[in-house]
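Step one of this worksheet: look at the structure below.
So that you can tell them apart, the chains are marked A, B, C and D in the order they are listed, and the count of residues begins at 1 in each.
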Amino acid sequence: MEYVPGIPILKPSIDADNKPFWDAVANHELVLQKCRACDVYHQPPRPMCPECKSMDTLEWVQSSGRGQIYSYVNFTTDRMAYPAMKVPYAVVLIELDEGVRLVSNMIDIEPDEIEIGMPVEVVFDDISEDLTLYKFKKRAA
Amino acid sequence: MTATGDAEQPIPHPALWGVLYRNSTPFWEAVKRHELELQRCAQCGHWLVPPRPMCPKCRSADSEWVPVSGHGTIYSWVTYHESPHPAFEVPYSVVLVELDEGVRLVSNPVDIASDELEIGMPVDVVFEDIDDDLTLFKFTRAA
Amino acid sequence: MLQEYVERSYRPDLKPSVASNLIKDNTAIVGIGATEFSRDSGRDELDMACEAIKAAVDDAGLTMDDIDGLETFTLERTSMPTLVGSLGIPNLRFSNQISFGGGASCANVMHAAAAVATGVADYVVCYRSLNEASGHRYGRGDGYVGYLSEAPTLHYGYFFPFGLLTPLSWAGMYGMRWMHEFGVEPEHIGWYPVVLRENAQRNPKAIFHDKPMTHQDYMECQMIVEPLRMFDCCVDTDGAAAVVVTTAERAKDLKQPPAHILAAAQSSPPEQEIQTSYNRPIITGLPETWYMAQELFRVAGVSPADIDVAQLYDPFSLGGLVQLEELGFCERGEGAAFCEGGDRIRPDGELPLNTSGGLLSEAYIHGYNLIIEAVRQIRGTSTSQVENAELSLVTGGPGVPTSGLILRR
Amino acid sequence: MPSIKDAAAVVGVATTGFSTDSGRTEYSLAAECIKAALDDAGLRPEDVDGIVKDVVDGIDAMYIQKAVGIDNLTYASDSRYGTLPLLNAVTAVAAGIANTVVYYRSANNASGKRAGSDFRAAKETKDESLDMIRYDFHAPFGLLTPDGAIGMAVRRYLHEFEVSAEQVGWVPVVCSEHAAKNPQAIFHDAPITLADYIDSDVVVDPLRVLDCAPDVDGAIAIVVTRAERAVDLSQPPAFVMANAQGTSTEGEQLSSYSRPQMSGLPEMGLLGDELYRVAGIGPNDISVAQLDDRFAPLVPMQLEALGFCERGEGAAFCEGGDALRVGGRLALNTNGGFLGEGFSYGTNIIEAVRQIRGTSSNQVSDAEVVLVASGAGGPADGCILRR
């Protein structure tokens, strides 16, 4: 996807609960929140595990970065698009191998080539000095 | 009163923008012309302050904008000793003026020191052009 | 998580018994009122709220002095004290707001009914006023440019940087998966908006009155966010609407035939978000609507087959179709097939839907126009009246914590 | 006539304690506190089917579900002003549409970054509330803060009834004495004297620093359930005898400048009438009250509005402080109030529950019923709890 120069992307909003996630992304790593007692992943991150109600068994673990496209939308007109992105652009919902789903964009692929079930892996896109985003590219099955 | 009104730290302007605030617009337009006009129910004569779309007394939606005297007395006041906003240097006072018509408006005193303010003090309206967009009504000791 | 939903096995053991439900049959909607629906009202939202509320109070045969409760959305911008000061309500004893956008519409009536059923208030007005068309446009992404530099909430931080900023696209993400899993084609979806547009032709208040649309028009209209096109979207509207709720006992002496509340329900199941609940086991359904429906039918003691007419909250046509599945009118994945050809959902069909034109073709007053239409069906005054309508169902916004009502004569 | 009287009870309460910088997110504080309140009640998150909160608190009920593990919520609402969410919880339970409702607040109001708040952690959003209409007529003149707005009414009260600062000062003094014994209070172990009060800085004349409750970081949570279920739980229930809201036609939030008299609290008067009507008791039956002391001069005004003394005699009632101390005519804000424990609505209900349970750090020996009022200076609300 292509960006329109001069219009900033809306950056993530960060607090103490989700900071480890975005700090990792800035370092080109994808981490997920997991309860070590229950062996369950949580996205979005939260301060307490809803299964065991513990606040100190939550930890951040490395994600495989691999998964598949679970769903997607394709912005075909300016009407509902964010003006920083040139239309058409697609937004994908990735199901990681860990079972957690993340919204993202694809690289190196046209919107009309995107398919549900396509295997993907994470890549990192340094958009600007203070913004790195996780994106995905097609991989061999 | 030392509201600077400079571009760096502008006084909070009344929100005339958008479609949310149309009820208040005639009031601020009159102030801009150095006139004080208030909204009154066209049916029963009840003053609608702050402006509102319906009269709470008779539930009529008909209202009119009427020029008022600009004379009144100080009904209450407060003096800020810690500044809530960079546009306002402390100490400064905010007065609640009861106009002869019986309605009350929040404003600032002009040429009256904080320690001279008294409930019941007679005052007259004056106008102050703050910048191109904003004119405010203020009150000074009655002649 | 969501095991009950996945297995379609509702366990009501947490809920109070139906016998202790004081809303059921004891409360009613007795007044309805609305402003004109337009694309540019030229007025304050406060003005429109006053007009709609006064109309609803007049319709009930009450005076403003009778009103002692107010219910609305947290999204509502009119301030409660200023509204009370404009309407001249002398002794307001109860006020409440509900978040979750359009999911709150029927919940407003539910909470009002709880207040009157327990004597906390006697007559509660529920209202919503919005200049959605001419004022702030919630549904557009470009409104953020130059006013925000980062996502407005922590949660949106996971979506906004990728260009996913609008309800249409959030819903599209569910829709694409739903079409994929159940093999739904665009031409199947089109019948639902077409029938609603037909209903709007008989409703002079509808924004799309006198603007008919054929199935071919639907197929040829512009794709906005694939898989959703222009005619899948609700109509941004300026306007206000209000209803008056009181006890069934008081309703007997009022001007209009009461629309009794047979059941009211609200639901927010696990992993709920505002239209972005992407981390649930399946995203092709609307669990909040399913849970709400279980509770609604449990309290009402009726089944989907007993419903005579329904007003579904349809911000997008897919939202209406999937609700048909979750409400139990058809099986999972069969919502579009249910509407094919349109006959089943027309006013003389087995389940007449959105008889005023719904949010797609009448107006988008955040679901309040649907509640009013559900009442009209009970009164027998709809412009697309269903014969002998005894039970009238209405839902709140899907994809968010939602709500619903079953009204009876 | 239908009534909510005695249909519901408060069965679990908790606070995180208060500080000027929690160092944690509001989400995290809320989750911890709700769990603690449920533990206090002897209930599990799975038992909860309703959540009520204040509009201004950022963390939506949906996110509480995500963290605390509440299954299917079938009652949720947001109220504004004071402790109004309690009325929704009680109404829902009394109407038989919810069994167990949690009321929570969580705010980092002192450290104030708001970065800690969750779902609506908007940092740059415009306030599009039509409350701004009123602010339009105040803000250009520098009337920008709650203390300034209520200061106008306070000055009228002081003026019309010739009330002195020395009289009003007994409210913060007594509250500080109570806070000194309350380990949860931000001013634990820090009592003040009347001289301290008189010498404290004037923030917005006529209000001093010690007239104004301090903003704090922290959370509260309160669990409400049906009366018949309440008796089987871990704690002695605090039954809700009455719960109501009061507003008046010319009432605005802290700035009701258009009504004939500004020196009273007519909303509080209506609230009191309704509470006493529903409960079937009067002010003479009440010897403990948690009143809204966000601004100290509002306390004598409330004493008058709620019928504890005649109009204009509230300040005399407070003078010397004895009437307000434990064992006095009306033990006031026995947790220290918002002035002493910290300004977080809900702490007043929690202290009322402690009095009913007999666990207050300033326990009134025969506390059978306790009155709670909040939202003074705007739409008012309150409740009467009983043993």
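Keep this in mind: a contact is a pair of C-beta atoms (placed from the backbone, for glycine too) under 8 Å apart; a residue touches a chain by one contact, two chains touch by 3 or more.
Computed from a predicted structure; not experimentally measured.
K.L.:
Suppose chain centres are the mean of their C-alpha atoms. Which chain sits farthest from subunit C?
P.N.:
B
K.L.:
Quick one: subunit C and subunit D, Cα centre-to-centre, how many Å?
P.N.:
Distance between chain centres: 34 Å.
K.L.:
Can you compute the centre-to-centre distance for subunit B and subunit D, using the mean CA position of each chain? Integer Å is fine.
P.N.:
32
K.L.:
Any idea how many Å lie between the Cα centroids of subunit B and subunit C?
P.N.:
Between these chains, centre-to-centre, one finds 42 Å.
K.L.:
Which subunit D residues reach two or more other chains?
P.N.:
Residue numbers touching two or more other chains: 63, 65-66, 69, 118, 121, 123, 128, 130, 133-134, 249-250, 258.
K.L.:
If you look at subunit A, which of its residues touch at least two other chains?
P.N.:
Where subunit A meets two or more other chains at a single residue, that happens at 13-15, 17, 44, 50.
K.L.:
If you look at subunit C, which of its residues touch at least two other chains?
P.N.:
As it turns out, subunit C has residues touching two or more other chains at 44-46, 77, 82, 85, 88, 136, 148-150, 152-155, 270.
K.L.:
So with touch defined the way it is at the top, what topology do the chains form here? Options are line, ring, star, complete, other.
P.N.:
Graph shape here is other: it fits none of the named patterns.
K.L.:
Spell out all pairs of chains that touch, sorted by label.
P.N.:
The complete list of chain pairs in contact reads A-C, A-D, B-C, B-D, C-D.
K.L.:
If we count contacts the way the header does, which residues on subunit A are in touch with subunit C in the complex?
P.N.:
On the subunit A side, the touching residues are 1, 7-15, 17-18, 22, 43-44, 50, 70-77, 79-85, 89, 91, 93, 100-105, 116, 131, 133.
K.L.:
Which stretch or stretches of subunit C touch subunit B in the complex?
P.N.:
Touch residues, subunit C against subunit B: 41-47, 50-51, 54, 64, 77, 82, 85-88, 131, 134-136.
K.L.:
Which subunit D residues qualify as touching subunit B in the complex?
P.N.:
128, 130, 132-145, 148, 151-153, 155-156, 159, 201-207, 249-250, 257-258, 262
K.L.:
So in the complex, the part of subunit D that touches subunit A is made up of which residues?
P.N.:
24-25, 27-28, 31-32, 35, 45, 63, 65-69, 115-118, 121, 123
K.L.:
In the complex, go through subunit C and note every residue touching subunit D.
P.N.:
That would be residues 4, 14-17, 20-23, 44-46, 74, 77-82, 84-85, 88-100, 107, 110-111, 113-115, 117-120, 136, 147-150, 152-155, 247, 264-274, 291, 295, 401 of subunit C.
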